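One chain, chain A, appears in both complexes that follow, with chain B as partner in the first and chain C in the second.
Right, the complex of A and B next:
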């Protein structure tokens, strides 16, 4: 028995998805509006967005459970419009897992192989190989009801992967698990994806999960793709206020453009700031426009009010409201002329900051991002009033 | 702790109606047994011997059992597609369910008379078949086993629809989609996933309908012939026509034992069929 198996490898060119101008409407309600997306073979892509943003609809379109109102979906260059689900080279892990309760673990995993009329010995070999790959050794004869949540998760994964699909669709499969198990399975998923080089399309509303496991993230809202990029790109260079707010934490300073020249002058509740025009490169503002300055908490430094402002830095006077030490990091809540802000700093680098102390906050002028305010429909995703 | 001493009496009083009903029930069962097993003050199997000795009574038992099995199978067979339809049509499910249940709003006797109108020698069905030219002489659809089967199946189908639908509705969402993603077509998915998971409902309906049939009185009385007797109609006759309470009681106990034995057999079959399902 050579149990140390080599994972099945595949031709890296297989498993690409091209989505062209795909829209999906139910009656008058358009849940997906001309989405175009290229998913390269072998990548781990996450569709991220608040509930109702269309991410699950997109996944179900790729699976073929529903068909697009407009547009085409190609897998490996082949138009999938007329291809029924069971003929598509895909696997899928469902949010509720959808394991067959009347089958044992190995029967669940063998289901797809049986349909493909795999011979008994080969089936046996592949089932036990995948039971091992997902770490379920010795549980093959168990009933589904006898498994824990994490084990069920692994069965669902093995059941899809045993067929060696070139694409695996995952619809929030981890959302029902507790945090620790979730972390563990996130790593397991990433690991398996790397080994098999299968294209993974993962749906989640959890931005932390998305950043942790994906090669690329597609941020969606209201049926539109807001931004596509690596987790790093999306965090440091968001396209708009929605993406900026949805990924990570951000301080928002709503204000008005005073003038646009060599610099962009913006007046906010916390003071007026001169910023390089490059920070608004997505916007092209003119004087009088309403804009929002976004600042990541870690970009806001806290300085002595008496100290001189370094070149390239923008500063404002503020007052300490509260500090909260979370291990190596400290969150400082500040107030600058009535505007609340949060700064996150290394605990070691901070001096004592009693509540009420006057300080000066400073940030690099090019660390700020200036966006147009959220449109009303996007604002609802955050529960803001429009 | 906060349910103090005082409410105890009130609680006891609230149990009273239930106790009266239960008391009457047990009294009737005890009287049934004493009627059947006691003759002239002593234990006797006389009435059972009277029943078991007569070959024409054996036929009544066979007819009851075989007809009931046929009705149970037929009702489930006809109810299954209806249940599937109701399961699929999420939007109109409640409305369709009402359509299925409407016959229950009409009294059993009235419904059976309805069948007489439809099935009689000059009834609608025969008139229609004659008009179309399929038959020359009217079919005998009534006052025989056919009439009993049609009548009982009609009365009992809603039971089957409801219990099969309940089973279908308890199937976890997405199982069909999961099966299709794994490569199964619609028929394959039905065969290996949906149908096995709906079996509990199928067995429940078989059991309920079989038991309801075995004890049926009105339908065999009205749609069956004079010679086509059921155990139920036989008991009715003993009580209402010949006033032989003891023999009726013996019949009832035979019926009870018959139902019990059938139930055990059916449960055994169910256990084997559902092996592996919780």
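Right, the complex of A and C next:
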């Protein structure tokens, strides 16, 4: 409350961002609704969500290209509302890179230094340092049009980092590249971020990229933050069905709550399951509620129908539809009374599974997650994905 | 490419000869030794060129036309650039209306524009001064300036200016360093084309000249009413050469494709 009097002491380094109840509307359309978020200095944070979720809007608000309809954004405790883009301690890599086509590689990188009237020798030193950092040695005199996609990416990165901003904003910078190059640059980005300890705020719609690259992920949809956490947290403990579906693969078993007591009994198309109430801790289910049981494919074990069920496991009868060996892993498509499911297991641990074979699927009761069904507005997000 | 029939070929050649024919006739007549504009010339002489260069009225009119053309070209190009840039960035919704306003001079006959201009300028008390001529020329040239600049600006990625701003450039600095060089050909097209139009403008200008000031084309027009001296042919030849040099320049920097093709944006 008293930020102006007491300088922030929580973060040793600079580059922290505090977003408080920020909303952004265009006319009647609210593209960001009351978003609050703390981004610690030196972290690699990803804003993840389907297109139209508000992630780019949030990034542009931090950059100061647009101003919030309500709420405040602070950088290192300082309110940014009245601070123009030019005065914010940020760098930015744009989706289409926005390199200056009439400048060479070094001229692009030197532009910000030139604006700051850096002396020639210092400018030379820093430009070549950052050319080296991003791995563009010897390409300083090239024109932008002579570069490959990956090289352009590196120029854009060097150009924004050379000013040593405490925060770097990246707007889907890798989306135009092919997979191979993308992987390579993801590692390069992560590496550079670790070296410089700059706060990176990265926007992407690609959950795999987000998982690989970030310390923390903010899952967004329809202008709301759905969940904030480490990639691991978000994968293993999603807060709702949207997050669960958006990150990684998931088997969904829609059903109805039969009873709530010591255990939660849910009836689904694949059978009825008794689950510990802890799997529905985000929910307060009562009998008759519509819910969805979510199971990660690797949590579904395939067992001999004759073998006894281990304690703590829940099982159902199923039939093998198809198997697909992908190196060390095998994907098994199953059908349990008309419900399709996927199990992913270590290839070595599986016996022969001919199509049509009867098996028993089993999963640890506490590995399941039970959520309320998607609201209609969130469900549309997956329309784009299919 | 389809084969041309002989008739089409003949027609084509005839057209190619016909279009620049007046230029050849004026060129030939300017070397005529006799006292009339006549083609082909009866005898050869350079006396009309000598007269054109020695009579101070002509020199003054050429200089007036040249400096007015330069001022008009620079002013209108700057105005169009700022108008196009700021509407594209901040008010894309009004851009349609703005264009309608900017292109409206094309819908008005120049004679009525002349009447309107003289009424307006008279109320400002500037008729017969360079200000009146320059203001009128700005009206006449704006469509030809706005269009190439608008097309050039529209193809510029709007994030370029944001990128420069993130790096600390003010908006004007970013315009100067980044956007202007990228739109160079559109700007040069505007400068040269509006310069040529201003240099050649007669109809509207005629309403606005005064005893103190006249432009070259108006001077030619006034002169020929009293005297059909071949000096006019010499002067016309010289002004054709000036225009031709400007067009060559235009071709060099921007290509003339802009005027013969629809821009694919």
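The definition used in the following text is that the second predicted complex is superposed on the first by the 371 of 386 C-alpha atoms of A that agree within 3 Å, B and C clash if a C-alpha of one lies under 4 Å from a C-alpha of the other, contacts with A are read in each partner's own complex, and residues count from 1 in each chain.
One rule holds for everything that comes next: a contact is a pair of C-beta atoms (placed from the backbone, for glycine too) under 8 Å apart; a residue touches a chain by one contact, two chains touch by 3 or more.
Just so it is clear, the structure is predicted and the values come from calculations on it, not from any experiment.
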| remark: So, after the overlay on chain A, do chain B and chain C clash or fit? They clash
| In the superposed arrangement, does A:286 touch chain B (first), chain C (second), both or neither? | neither
| task | May I ask you to decide whether A:160 touches chain B, chain C, both, or neither, giving the answer as first, second, both or neither? | result | both
| query | Once the shared chain is lined up, is A:90 touching chain B (first), chain C (second), both, or neither of them? | reply | both
| Which partner does A:104 contact after superposing on A: first (chain B), second (chain C), both, neither? | first
| Which partner does A:306 contact after superposing on A: first (chain B), second (chain C), both, neither? | neither
| After superposition on the shared chain, which partner residues are touched by A:29: those of chain B (first), chain C (second), both, or neither? | neither
| query | Touching A:145 in the superposition: chain B (first), chain C (second), both, neither? | reply | first
| said: I'd like to know which partner A:115 touches here: chain B for first, chain C for second, both or neither. | reply: both
| task | Please write out, lowest number first, the residues of chain A touched by both chain B and chain C across the two complexes. | result | 63, 65, 84-86, 90-92, 94, 96, 98-102, 111-112, 115-116, 159-160, 163
| note | Given the complex, residues on chain B that touch chain A span 172-175, 177-185, 188, 192-193, 196-197, 276-278
| task | Can you check the complex and tell me which residues of chain A touch chain B? | result | 63, 65, 84-86, 90-92, 94, 96, 98-104, 111-112, 115-116, 143, 145, 159-160, 163
| request: Would you tell me which residues of chain A are touching chain C in their complex? | output: 63, 65, 84-86, 90-92, 94-96, 98-102, 111-112, 115-116, 159-160, 163
| Residue ranges of chain C touching chain A (in the complex, touch as defined) | 157, 159-160, 162-170, 173, 177-178, 181-182
